[in-house]
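Consider the two complexes below, in which chain A is the common component and chain B and chain C are the respective partners.
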Partner chain A sequence: MHLVPPVSRDRVISHFPKWYTPEACLQFKDHFQAQVRSACHQRNTGTVGLKISKVVVVGDLFVGKTSLINRFCKDIFDRDYKATIGVDFEIERFEIAGVPYNLQIWDTAGQEKFKCIASAYYRGAEVIVTVFDLADIQTLDHTKQWLEDALRENEPGSSFIFLVGTKKDLVSGAACERTERDAIRFASEMQAEYWSVSAKTGENVKEFFSRVAALAFERSMLKELEKSNGRMAQIGAGNLIKLEGNSLDAPESNSQASLSCC
Partner chain B sequence: MMRERREAAAAAAEEEEAEEAAEDEEDDDDEGEEEEGARGALGKSAEELRTEDVYDISYALGRELQALGGDPARRARLQFQLVRVLELLEALVSGGSRAAEQLRLERDSLRRELGALRGQPARHQLSLGPDKMVIDLTDPNRPRFTLRELEDVLQERNQLKAQLHVVQEELQCYKRVHKESKKEVLENIPSISVRK
Partner chain C sequence: MERIRALTDLRELEAAYGRLCAEEKVVEEELEALLEQQGTIENKMVALHRMGPNLQLIEGDARQLAGMITFTWNLAENVSSKVRQLDLAKNRLYQAIQRADDILDLKFCMDGVQTALRNEDYEQAAAHIHRYLSLDKSVIELSRQGKEGSIIDANLKLLQEAEQRLKTIVTEKFDLAMKQGDLPQVERFFKIFPLLGLHEEGLSKFSEYLCKQVANKAEENLLLVMGTDMSDRRAAVIFADTLTLLFEGIARIVETHQPIVETYYGLGRLYTLIKHLQVECDRQVEKVVDKFIKQRDYHRQFQQVQNSMMRSSATEKIEPRELDPILTEVTLMNARSELYLRFIKRRIISDFEVGDSMASEEVKQEHQKYLDKLLNNCLLSRTMQELIGYYITMEEYFMRETVNKAVAMDTYEKGQLISSMVDDVFYIVKKCIGRALSSSSIDCLCAMINHSTTELESDFREVLYNKLKLGFPATTFQDFQRGVTSAVNIMHSSLQQGKFDTKGIESTDEAKQSFLVTLNNVEVCSENIMTLKKTLESDCSKLLSQGFGGEQAQAKIDSCLSDMAAVSNKFRDLLQEGLNELNSSAIKPQVKPWINLFLSVSHNIEEEEFNDYEANDPWVQQFIVNLEQQMAEFKSGLSPVIYDSLTSLMTSLVAIELEKVVLKSTFSRLGGLQFDKELRSLIAYLTTVTTWTIRDKFARLSQMATILNLERVTEILDYWGPNSGPLTWRLTPAEVRQVLALRIDFRSEDIKRLRL
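Presenting the complex of A and B:
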């Protein structure tokens, strides 16, 4: 394990970030689940290995996948278009509920000719972000195909799905609302959470990725707890283990339902 | 053909002589026409000359011969020689125009063939098969590398990027440690001087 500097202040998430629209969101809670919170509290001392989640960003060429990622990870916006060759990635460090957490964000090429290369990187995605251009309705139509391709490489139900409309700065109020309505309908069909963003102005970009990070973090914590829970049951008795087991045996009643809502 | 024509011309000249008075006016028209044909034919270049022109010339010469008068034996010899020359000319002209016609036909069929080839460039590509591509080897920006090579390069780039990420983080840590130790040294200096 290598030395890790402290996470920058705007990557520290202590409260669960809010959705963009309640009409298409993955969960309504505004706090982390109790067992995740307590687990985070106990592991605060830093004995646990670094957690990392894989995010795959897909969508038509020129919708702004790279721009979206660059705005979030480097806080830059390049007006000139440069097609992504194959795939690229960024690692973004967070501290969520006191626990260090990384997002590995995979930026895939939108050009058809790179599909065979990019699709090899779809596997094991905890989060699939399908991106379209709010100013180009056709790119919204294509998101279903992109999602289908990405889902084919993953276990059913293992990935969070997001639908993101970019270039919000380019569309006026009425047109934007109309496209958003269509997109929200798409999102609910795709069982995705919807976001409108602008990489140029930075609008909603940080909020979006914080939401992605929090959801992915919580799920990965729950998965780990489930695993260790199983292991403890096998090991059997022991006061200390029993104490921890008790807190795990009483999850919030709405936890499973809230994960699969919408 | 030439001989027939020549005989016809000679017969016409004789007939004319016999019925000079009777058909003067009628013949004038005919005669004028033929004379004109001969003049036109004699004015043509060798390439332009047709067999019809040779007949016109033959007719005109026959008339001139009839009108010449003098020793009939010498006239007959001259006529024989003229007929021979005209026969050779006829053969040359008709041979030449046949060759020209053949070349024209050949040229036209080659033109048609060329037009058809130019009109269907797709046919040439189709013969490659539906999933084939033609690469211009003189294009400096032509496709060169294989999918496998690109995949390898990308994988290598990604590994290096991941390593860079780790190194950058460690560097940040060392910078912080360095800064803090510097601060400590500076803070310790006055305490040492106080002890003195």
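Presenting the complex of A and C:
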């Protein structure tokens, strides 16, 4: 077995990353939930080794999905447009609250003719990132359709949704503000969190993905904890009959036991 | 002195005197030592005086030496400057000779070119021109400035003219040979181009010739295809075959002409040749694919599939079986293309590698970029991507529809644990993924794995889930016994028809049967998914080891397959749910009354009754018989693994229920003994039907039996706390007191007084 090099410094997240704008944001909080924090602290992060979340990036062609991902994963920006064929794929390693964590980023093709193949990859996405071009308002209109397609392959409510406007460097401040207002309206309809980024300058790219990683990480941790608690309760309840007098404090001791020993 | 004079006190005077005496002694000693040294110093002085004249001698010698060195240095400097001059002279001489040679060469070349051209010996002429072109331009420039400038000028002009003439001649002759399809002549002039410095032109002209050949051959093949009888053995994959022929033709051309290109054009030129060929390849592929789309009605079929998928109620649903041949052909076509592209890629890479071995990193990256661009942007790969895109949707439809059909045609045969649809569904899924795999496209394969996972997870699991949701019909014990016999009857009758119709579940017996079969189905599904995953893993590693797929291919496959494995767990969860349902709806209602009968057997007994119980067992034997009867049906109807889980659930249930009734009973000393006996025989029986130990489940009951068997209340202390030994108490102190209180002969004050 080969040793994996440690996660690079700028992929270590110890504080909960902030949202972009409070007007379209999924969660208002500055810290990880206490449960998650304590679990991370005690290193009882569940049975299965490394946690992985799947991120699917969708949106019209030429809005800059691949550029966004390349800026984050490889820190490069290629001026030449090269259409993505089928799907591209990157794994980005993080360390969140001291726990190793991977984001699996699926970069789908925006061209209509590749949609058949790309849509096969929507399933099981913990995070759906719908991307549009801040300089091309039409691409914003299309995000609804993209999201709908992606949600069809997933259980309702199981994915975080992000709406991302790219190419911020190309639009003037005033125009950007105008488009952002529209986008925020869209985002709240979609129940998505809104971000404006620029892959060319790198503005907000790292912040955005950190936010994605932290939210996805917390949810998957909560899920894991819930599952292990459930398992514990089941075993406890199966074997014991609680006497009338004891039945009240039974669940409490149960959950306590599971917290301390899972 | 002043101080001494001032001294008046005798003691002080004495002290001063003493001090002075000591000082005197020290001074005297020093003086003596100095005197001793006087002799040696004088000796040394004498020696020094003697050395004086010698020094003068040395000084003279040194001066002489310095003079000599200066002289030698001057001499050396002189000599080396002369050598340098000589060297320079020699170099110039060489240059002069070189130039003279060049000029001679030039003349020779010129004469040679003239004669060679006259003799139509183009190779010779080209060799002369090549020699001329490789001459240093500055030399030629310089020669023109010499005395014979005008002659050389004229010669040069002639040479240049000859060069131009040769170029046109070669081009013309090449074109002519190409038109006539004269391969030796084509190759002959192809070899001359690089001598004239026309590498690119030569390659492009030669490629033109090769492309023409490719085109002719392809046209022929396509005509052949159009004339092929539909009954031909290969008719179903005729377009894939045509593509194969095309690719093989190009590969053969590359194979045969690569050595010539390498020898006459140098390394790293193969890319140019292939780039030209690829254009023709794309043109021909387009033609073949167009024909394919037209003849097979590919787009219309896709449209139809898409419509059927959108509106599930569509009347003219396309028959999935009709799609089968076209899907196979598309994957075959893509596989051939991938194979061809891999061949091209390998060839170019190795050619670049040898050619770039000395090149800088930038040049290498540049070349890599060229290659990527050629491979990804060529019409061939784009066309195939499009075809595969349509294919994915159609394959998904094929899989879904066929699975639906398998579910609809589900049959169950007696003696089998599972029904037909499980094997059918997995056969279909395997077939569809296998077909996607055969396309050699990793993206296509992953997409199909994802679709299969979705199909299994949502649609097929839903089918099984709905069957389980119908539940296991609850019956009373008598009904249940009757049920077994009538179920056997029904099964007999259905066996005669050869089918067991699970669609219309009318009777409870059929419902029961269906429930058990579904449980088995769920378990087998979970197993099958894991097997499928393992098979795919090895298949994929085979594919990847052959060099297909990009850098992230392995990671993509791993991710998709782990998704698939997760579905196996979902089936496992479903199985657990089903078992719980079975346990609570079928076993619990039966077992509970049987256990409640325990209450009607008094355990507050004396010697006489105890003996009577010994002879006529009041409860436990009947209970065991009942249990056995009940489990027998499940044992035959469920797979061993599920049956084991079920008995485990059953034993837990028995333990829990028995505990409840024990706590409701009262016991005498002998009653406790009786209970202990009963518990032992029950545990003994249950141990024989389960594969793992059940002691743990009955630990609390065993401990209760121990307590109920005590002589005195205080005897518990022999087993409690520090005296417990290897025994781990599963009962809390409160529960121990409660159990003790069940004994009617134990006084409650004694129990209260216990310190536990």
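Everything that follows uses one rule, which is that the second predicted complex is superposed on the first by the 229 of 262 C-alpha atoms of A that agree within 3 Å, B and C clash if a C-alpha of one lies under 4 Å from a C-alpha of the other, contacts with A are read in each partner's own complex, and residues count from 1 in each chain.
Heads up, the rule we're going with is that a contact is a pair of C-beta atoms (placed from the backbone, for glycine too) under 8 Å apart; a residue touches a chain by one contact, two chains touch by 3 or more.
Computed from a predicted model, the values in this text were never measured in an experiment.
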Next on the checklist: With both complexes superposed on chain A, which partner does A:C116 reach: first (chain B), second (chain C), both or neither?
Outcome noted: both
Next on the checklist: Going by the contact rule set out at the top, does A:I85 touch chain B (first), chain C (second), both, or neither?
Outcome noted: both
Next on the checklist: Contact-wise, after the overlay, does A:A175 reach chain B, chain C, both or neither (first, second, both, neither)?
Outcome noted: neither
Checklist entry - Thinking of the overlay built on chain A, is A:E153 touched by chain B (first), by chain C (second), by both, or by neither? => result second
Checklist outcome for this item: Of chain B and chain C, the partner touching more residues of chain A is C
Next on the checklist: After the superposition on A, what does A:G124 contact: first (chain B), second (chain C), both or neither?
Outcome noted: second
Item to check | Touching partner for A:P5 - first (chain B), second (chain C), both, neither | outcome: first
Checklist outcome for this item: Both chain B and chain C touch chain A at residues 85-87, 89, 91, 116-117, 120
Checklist entry - In the complex of these two chains, what residues of chain B are touching chain A? => result 147, 150-151, 154, 158, 161-162, 165-166, 169-170, 172-174, 176
Item to check | Contacting residues of chain A [partner chain C, same complex] | outcome: 52, 54, 82, 85-91, 104, 113-117, 120-121, 123-124, 153, 238-239, 241, 243, 245-246
Checklist entry - Mind pulling up the chain C residues that touch chain A in the complex? => result 376, 381-382, 385-386, 388-390, 392-393, 396, 443-444, 446-448, 450-451, 453-454, 552, 555-556, 559, 563, 566, 652, 655-656, 659-660, 697, 700, 732, 734-735, 738
Item to check | chain A residues within the chain B interface of the complex | outcome: 2-5, 85-87, 89, 91, 116-117, 120
